[in-house]
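This report concerns only the one structure given below.
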Amino acid sequence: MNSDVLVRVSGLHKSFGDSEVLKGIDFEVNRGEVVAIIGPSGSGKTTMLRCVNLLERPTAGRIEVDSRVLCEELPDGSMSFSKKAEIRAIREHVGMVFQRFNLFPHFTALENVIEAPMAVKGLSRSDAEARAHELLESVGLGHKADSYPLQLSGGQQQRVAIARALAMDPALMLFDEVTSSVDPELAGEILQVMKRLAQEGMTMLVVTHEMGFAAEVADRVLFIDHGLIVEEGSAKQVLANPKNARTRAFLRAVLERAPMAEEGDPAPEPAGSSAPGLSQIVEGSDDVEQ
Amino acid sequence: MDWDVVLESFPLIWKGASKTLSLFAWSLAFGTLAGLAVALMKLSTTKSVSRFATLFSWLFRGIPLLILLFFAFFALPEVGWLLSPFWAAVLGLSLWTAAYQAEVIRSGIIAVDLGQTEASDALGMTRSHSMKRIILPQGIRIMLPPFTSNATTLLKQTSLATLVTVPEMTLLTQRIFSNNFKFIEPIFVLAMIYLAMTTVLVVGQQIAERAFRLKT
Amino acid sequence: MELDWSVVGRSWDLLIGGTWVTLQLFVWSLALGTVLGLILALMRLSRFRALRWLSLGYIWLFRGIPVLVALFFAFFVFGRQIGLSPLQAGILGLGTSAAAYKAEIIRAGIMSVDPGQYEAAEGLAMTRRHYMRRIIIPQGIRVMVPTYMSNTILVLKVSSVAVAIGIVELTGITRQLSNSTNRPIELFTAAAFIYLMLTTVLVIVQEILERRFSLKT
């Protein structure tokens, strides 16, 4: 087995009731690689990402993370899933950042970050806090440690959510449209943090509408449509020279809407991070898939 | 209405207040704990467990409290379970409250954003940990108003314990009916005491609600 | 201890007689509670402050005291003065208590109707009387049905409290039979069963009403 491969997904199918959202997905992610997943709303990209840590249970297929099998099909066609404890053990090493942040609103930023390391990894409070302060500092929110989520902007909340996921020392980070719920002018501060994470060698699987980010940071891009990977290749190739007609149509549609992102009031400069610099090609807003 | 009789009645009825309040406190404590258990069972993915919880709710919400009290008082001794009137009343009141509190707790839990469960799952937390630290603390905020309204109902329903001979306020009031043949004055006193107690509960709820409000 | 269910069969006629009294108490106190509740709800939404305060005071009073205390008042004070039968006093006590809850349910239903509906009705020059009756209340009913019905189930169960003023309804007759036959387990189980059937019927009625009043989409 090639230990360079961190995630190996094959024959992934997922249905919700009668509608089949994923129709047979195969892909691999190598250690240290940043893979961007793009595609229209409802294409199944979010569902696919959520299968990787079993937030969604596939109806068929095999998923392997860090050489551990999360689920596979038995010879009789039924699905076999890891035991709860094993799934938890794998999730310890897979960080996830959600579109809608999902911070714990009754905890401060610091408490959000230390809860899981203490509960799951058994860290002492002082160790967990020291690490949490470091992480909050690194996402530019050292001074917001004692703020509650509802006291923070969307961009700040999402950066706390990234720090919370990083506190588990994950081997893999999953990002699910993490800029879609924030005002366009605040997206930059989140992307900045993600970019640095990529430079530090984190393995990342990123569902995104930020084509600029995909172009700049991703090693590889997967284009998904109607539950299938339609096109796959280096960022440059897929984004600049798409071979598939559907990829071309999608990119054209996204680019035509792009100027909308520049409208709106100028943002108050977020503390500790500089937003601009990235070519923002933002789809104004996007409905949650499913 | 004769105010002298009002003044005479008050201490006689007030003597039962501690019984009323301890009926209330014990039944609220047992009823809430049992209600929490039933709520968690109802949310269980194991069919038989959630069915049992549904049956419990259907049963104890479908039967009048008074039947439960009479059952505890008259019927349980037949199977050798001899409870004092007080504890028979607490048993009946607790089961009855549990069925209602279970519904309040269950809806509080499911009202918490699903994303909170997903975030806890993604961080590798166990279900019991996320229930205790993430979901319930947020659900409590949502549960508080219906919880208090159940509690207020319970406080008033403790008056039924008079029918199983617990010497709480209502029973002492009835004693004045038969001893002194006075009605309106003791009823007035009894009503005022209950009103004061239920009003305190409602005010308490408002204070608690402020304490649980999310910081913004 | 041997259970002897034949006692239920032998007492069946009496239990059904008690059930009949329970149903009378229930239906009449529900009717009184609903009509009085509607009046109280409209008073609370009235332009006149005195009416609003009167309604608020009534609701606060009757929601703050046990139904048993309302029954005592209806029976020992009011009923003795104007000579009501125990059943009439029971209906009065249960109905006046239920009215306080019904008023809040009806008010919440009326308040839930989108303010745009009032504006549209006024824009069409309808009178307040007309649009309340034809536009607002019909829409409010849809919202009220679940809470109104679950409160109605409570009214049925609470009618058992009438045993305290000597009305021999289902709970009362069961207690008497239990004392005379010394078969409390069998008899109270039978009474519980009858109540469960009645409340289950009401739950089914609730579901039918909810379906009937749901908006067509």
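By letter and in written order, the chains are A, B and C; residue numbering begins at 1 in each of them.
Just so we're on the same page, contacts are C-beta pairs under 8 Å (C-beta built on N, C-alpha and C of every residue); 3 or more make two chains touch, one makes a residue touch a chain.
As the structure is a computational prediction, the values presented were derived from the model and not from experiment.
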Where chain A and chain B overlap in contact partners, by chain label: none
Innermost chain by mean C-alpha position: B
Two chains sharing the most contacts, counting C-beta pairs only: B-C
Centroid spacing, where centroids are CA-atom means, of chain A and chain B in whole angstrom: 46
Chain centre separation in whole Å, for chain C relative to chain B (CA means): 21
CA centroid of chain A to CA centroid of chain C, Å: 54
Chain B-touching residues of chain A, taken from the complex the two chains share: 53, 55, 88-89, 91-92, 94-96, 98, 100-106, 115-116, 119-120, 148, 150-151, 164-165, 168
Contacting residues of chain B [partner chain C, same complex]: 58-59, 61-67, 70-71, 74-75, 78-80, 156-160, 162-163, 170, 173, 177, 183-184, 187, 190-191, 194-195, 198-199
Residues on chain C engaged by chain B in the complex (per definition of touch): 1, 60-61, 63-69, 72-73, 76-77, 80, 153, 157-161, 163-164, 171, 174-175, 178, 184-185, 188-189, 191-192, 195-196, 199-200
Contact footprint of chain A on chain B as seen in their complex: 113, 115-116, 118-126, 129, 133-134, 137-138, 214-216
